[in-house]
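Okay, so chain A shows up in both of these, paired with chain B first and chain C after.
Now for the complex of A and B:
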């Protein structure tokens, strides 16, 4: 009885908010309700083994490569000192702004045999040196690693910073050399962050669709897309999606677990300028060269290549059509940003007022979607939506009502990006303690005026952060948009995909630059904020 | 005795229950205008719940609360906190982090012109000595400064009643004493009626005109600080407030008690309440200040432990029958452990429990 009394409108809201995610998950599982054995045997003979092996190989290699890049560069820019350290410290975050599908074709364009960079090397230095073929497994790993290593880099940097100089000094006082204390003190202490970062990278690699498409490298995500759009078998797309979901669940469970181990011990005692290890000159050159090469291939080369393609044809490419794509992208991102931020606000307030078992689970489920690959979400949501359309048709509505409308796409976005919007808002809202509310009411400020005078000013930064992140993420998003967009609706991301899959890289350069420019906004904010914390 | 009409705040038989679990019951006390009360008790005794009920954040399950002749809480009725004009100061201060000091103080000033609210908030900042920091953000203030801003903010709208929840618990000890004095001075000067909650008897003694000792959801005693210390109503109050030991004793009449330290007479008022008769075995409360060290005294006791406290020693003394008492002795009387020293008793209030 008491339970029902407390079942308020907030609780209902919370349950409603978690519904889309549940719908998508249930949708994926319906794959196995209707099994066509001939299709299934085809899948298991020709598609799945190859896709699974390719996916696993890619996930492992990218995880390994990103760990190596991230740990070395984070150690060098945090604990050591060498010429250019301050610059690389933030510059190495920049590749994050380049979406994988842009990085991929820009790198291929620059590094293939007839590409700009190789040609330049040959002609300037008459070097006959032959770079390894970029159009290969190694190329996929390189492109993905360069866009994803900043995740691990940021986490590990944070870990090294908060370890403080004491742990290093303890190592040195016990007679360890610099390198020894790196292996035996810093690295073991940073392990939870390294593991957490690489699990995030693994999740992103599992979800990647655009990068592998450029290389024609078949993974589970491209298999989902092809089964649906080339073989026209939605059912087998769902079945492959459920397989991918299995991998995702394993990785995200591990990631959740690793987060519990990330505890900052002595955050007051961060690494300061004077405590950095000044590298002797030879090592300093190596450090500078290492960071320089990463920054060059990860940022300068792809951006340079894009500019090289875009600038000569600028007047030809900036057409009405280009502006239409821009408008499509911006209006879609704005719409999604508004809806998702509003939902995230509601979710955060509902979770705050309701501290029940049901509320906690609803929040957990609603924010689960960041782990779900766009391809899985697209097919997972379409299955139940199609069923609803089917039902509506029988009721006599003109169908398809929902399929091919914005509804599916926006639902998928909100599932995927709810966590992105929720966590900064929730973070801010935690500062609004119960006694803040109580004080406000005791000073005769309550209800809407408390919302306006206390709550909103206190969460403003969180809301703005949420808006920027969602806006940029939606703009960069590829598979959901590609698979669920209304007929004829185009965005910059889709345009880039279409052009680059036809090999028209030169023409894809301008929209790609536009996306990178937008993608730089949150990265720059992140860099500035980290800078402020440092001071 | 004061009459009902003079009572500014009255709690009558108040009870609080969460989900049918009784947290507090039968709480009755009252304050006069301008008086400072204190609810003293161990953590978890229900004192904070009582404070929240007076503020209007908790409903009462029985009894009633009246403020200035108006009932603000009773069973199934609670005037919302925002309509009570009761100020609150929280343990964590709860300053609004997005507002600077003076904006925080002005927050609860409604319906005043700009110059009026400026005058009022500047006056309070002057009083708490933070006029120089009026434009500073809360996170740049020290704990004691934040505490004073929280106080000024609560006082700004001239509340009918001010409630302070463990106001000094986040401050270091030295600051507590000086700030306690300042706060009391400010409350008296502004003639604010106030109730403070604390688990620290020194804070209670420093601040309050009346103290209520709460244990396990019941108000054991509501009295002046002096009476709480010297005439505790039961063994819990005696033990919780101040130091002391219980000696065995036997009543030789209804008012006289025989102990190993001699024979004492109880004051008549207390004796009538607890139905103690001649021949009863009883416990007698002996405070450290009841025992005076006197070298010439025939009565002696052996030093078994000693704590140096600067101006005085706290000696643990063992009597001939192996019972122990505490004695506060000026610190130039430096006696070694196992030494026998002469003592004399000076007990104004003989407190006897069954």
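Now for the complex of A and C:
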């Protein structure tokens, strides 16, 4: 009897957690009830084909570039040892704190024909050194890859850390060389982490608007905005958004399908300093140079450009308001991080213990929101919330309860960022063998207390990773914040948008630097914690 | 160990909650204080014009009238959708947005009420207002030609259309067609010379492009300055900003379409506003609108962004008036909304990215 009772509570929880995303999805899909043929036929003839090809190319190239950068640098800094390893190990996470659109306009500012870095190269080394045009497909891929590879890097690093030294030692005792043990032991075992990270990267790329618009690169997202803001057809915008969703559903189904056949369990021993592979000097130089180049283009160059812009405008931008933007960003991210990570933990645990169709579908739906452009998602959620408000108003509540309060904001964030928190937690939960659950139950520790006393200590690196990802993501988030913030509540991201969309990059540089600075706090905490866990 | 972790988690949660409450309280307290100090209900404004361009104006209004103004900013399309969804519950009284196309869309979606103000009817020129009196322009922006003073003689320039001539092959820079400023410029050309001829004009521009369309007006001018191209189309206030920073800028503005047909001239657009149908405070909102077209408010509202006032008696910023006078296109701006989708589709057809 008691079993059934708990069973139904978990099921209910799963359904409740996927409900907000479901509402937003229904909002998007019902758009097909009303078709504006004149707009749609134009879009399908002149806009969509190009947009689909561009989107596909972008998603594939960014996914590939981030996997290459992330896997190589994570392997080098976790499994190998070379001069500078300790520094790059955490420094390579830093580009994550730079929002995509900021990375884009900072890179463009430095690398375009009239940009600071390009001009410096021209004047110092005469005309001979000309860089390729940043306003190109390569430029978009570069900007997106540099902000997004840390997601995969964090996850894959976590995989290599928890893979255990035995597997590497077994490989070495069987006579595998360094490179062979990478290809044949480390890489296959890290697959779910790599795929999970790439999935996040792909979804983020699909939903991106800010970065691509700096390069005037047309994707499905820009097509959504075109039909909404330029052709004044919100319905068609939602219809294109459902195309985006289709993309994600296909990719994530493929990923889950392939994963079900495998189990990845092993967490007894983490890689420790003693067991790292010491690279011979030539390889060590390469390793150092590889990490150095990534760190330079991904962090030093954009930050340098922002500083160059910000310094002359310091007195104009540092006002009482500025500190409020910072406090707003920080507290909002902290709050969202706490709530979303807790939800993701519950979701992952419920899905693990329930393992039913309902559970699988709830997870799939709850993690779809990441691929929707924030604006579409926010508007999709607004309709049901407005309906509730109308209902409450009829019951006699004078002021709208939900709108313009933090509740809507946090709800929308959790729809959008559930996937970000879920992925690292779920991956780490997989490392906990089912037999541990069985033992725990036999000692009559189950349910929430099993999560707390058995699972949580084993997956805390994953939880920490989830917290950092969500914190930084919420800090960088713009469209939902813009639309649902209460009157007079501002964040750094909002400030950056207001200034940069008017072409005032120089003034936007200071809040951009502030976002990076505040975003670095959790990264530093993560590093300190992860180091402690390793010891 | 695990209790340590749990304690840590609880601490996190507590800190987060406290901080959020602190922010929420301080925001509310601020609102309360202003509400107490003022007698009337605050006017609530949704604005797609950015905070740094409206906040000083509202502050002056509040100082003079004692009426508080609350506002939030977002993109025009999002705000309009939000107002529609909020329906009768909307807290907003006024929508301020940029571009006649957006104002026309808002009017067509039925979210405005008629303004009914003699003050506005008497001071704002008719082609800068809605024909049904649902919105009014508040500041005027001109989209005109900019050229390199080193490589182009002003005598070589004449009209927007002439930028498609062969002498500009590989010398023209344009901003993306996704920006509404170019959409309304093309909409004006359609109104003046019909869709077929406009499609030829725009296709000829594209054939003359020196580099891919840029993401903003400033880039167009930087490209001309760097010698990548010689001529482009920009809004004057972007030029004003660059000029203010560098008075020796090797660029100048040119007013096109001055001597051709009577129905032509420099393309102008407005930022403007309308009172919302479900406004609970429409009298005060009207009062704010009327104040915004007063001479003093116009100098501030337009001056903050180096734009032109919408009233004929309005003082023009000295830097702006130094660019000279020009003949505006007399096209009623409410036309822009009707023709904008056609303009967007036309630009898609000729491959103007």
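Rule of thumb we're sticking to: the second predicted complex is superposed on the first by the 315 of 535 C-alpha atoms of A that agree within 3 Å, B and C clash if a C-alpha of one lies under 4 Å from a C-alpha of the other, contacts with A are read in each partner's own complex, and residues count from 1 in each chain.
We adopt the following convention: a contact is a pair of C-beta atoms (placed from the backbone, for glycine too) under 8 Å apart; a residue touches a chain by one contact, two chains touch by 3 or more.
All of these numbers come straight from a predicted model, not from anything done at the bench.
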{"item": "Touched partner set for A:232, first chain B, second chain C, both or neither", "value": "second"}
{"item": "Which of chain B and chain C A:435 touches, first, second, both or neither", "value": "first"}
{"item": "First, second, both or neither for A:457, with chain B first and chain C second", "value": "both"}
{"item": "Which superposed partner A:445 touches (first chain B, second chain C, both, neither)", "value": "first"}
{"item": "Larger contact residue set on chain A - chain B or chain C", "value": "C"}
{"item": "Contacts of A:501 with chain B and chain C, given as first, second, both or neither", "value": "second"}
{"item": "On chain A, the residue positions that both chain B and chain C contact, one per complex", "value": "453, 457, 460"}
{"item": "Chain B partner contacts - residues on chain A that touch it in the complex", "value": "2, 431, 433, 435-436, 438-446, 453-454, 457-458, 460"}
{"item": "Residues of chain A defined as touching chain C within the complex", "value": "39, 42, 46-47, 113-114, 135, 213-216, 218, 222, 225-226, 228-232, 234, 324, 327-328, 330-332, 334-335, 337-338, 375, 378-379, 382-383, 386, 389-390, 393, 400, 403-404, 406, 452-453, 456-457, 460, 479, 482-483, 485-490, 494, 498-499, 501-503"}
{"item": "Contact footprint of chain A on chain B as seen in their complex", "value": "19, 55-57, 80-88, 90-92, 94, 96-99, 107-108, 110, 150, 153-154, 157, 159"}
{"item": "Residues of chain C defined as touching chain A within the complex", "value": "1-2, 5-6, 12-13, 15-17, 19-20, 22-24, 26-27, 30-31, 44, 50-53, 70-78, 81-82, 85-89, 91, 101, 105, 108, 176, 178, 180, 183, 211-218, 222-223, 225-226, 228, 238, 241, 337, 340-341, 344-345, 348-349, 353"}
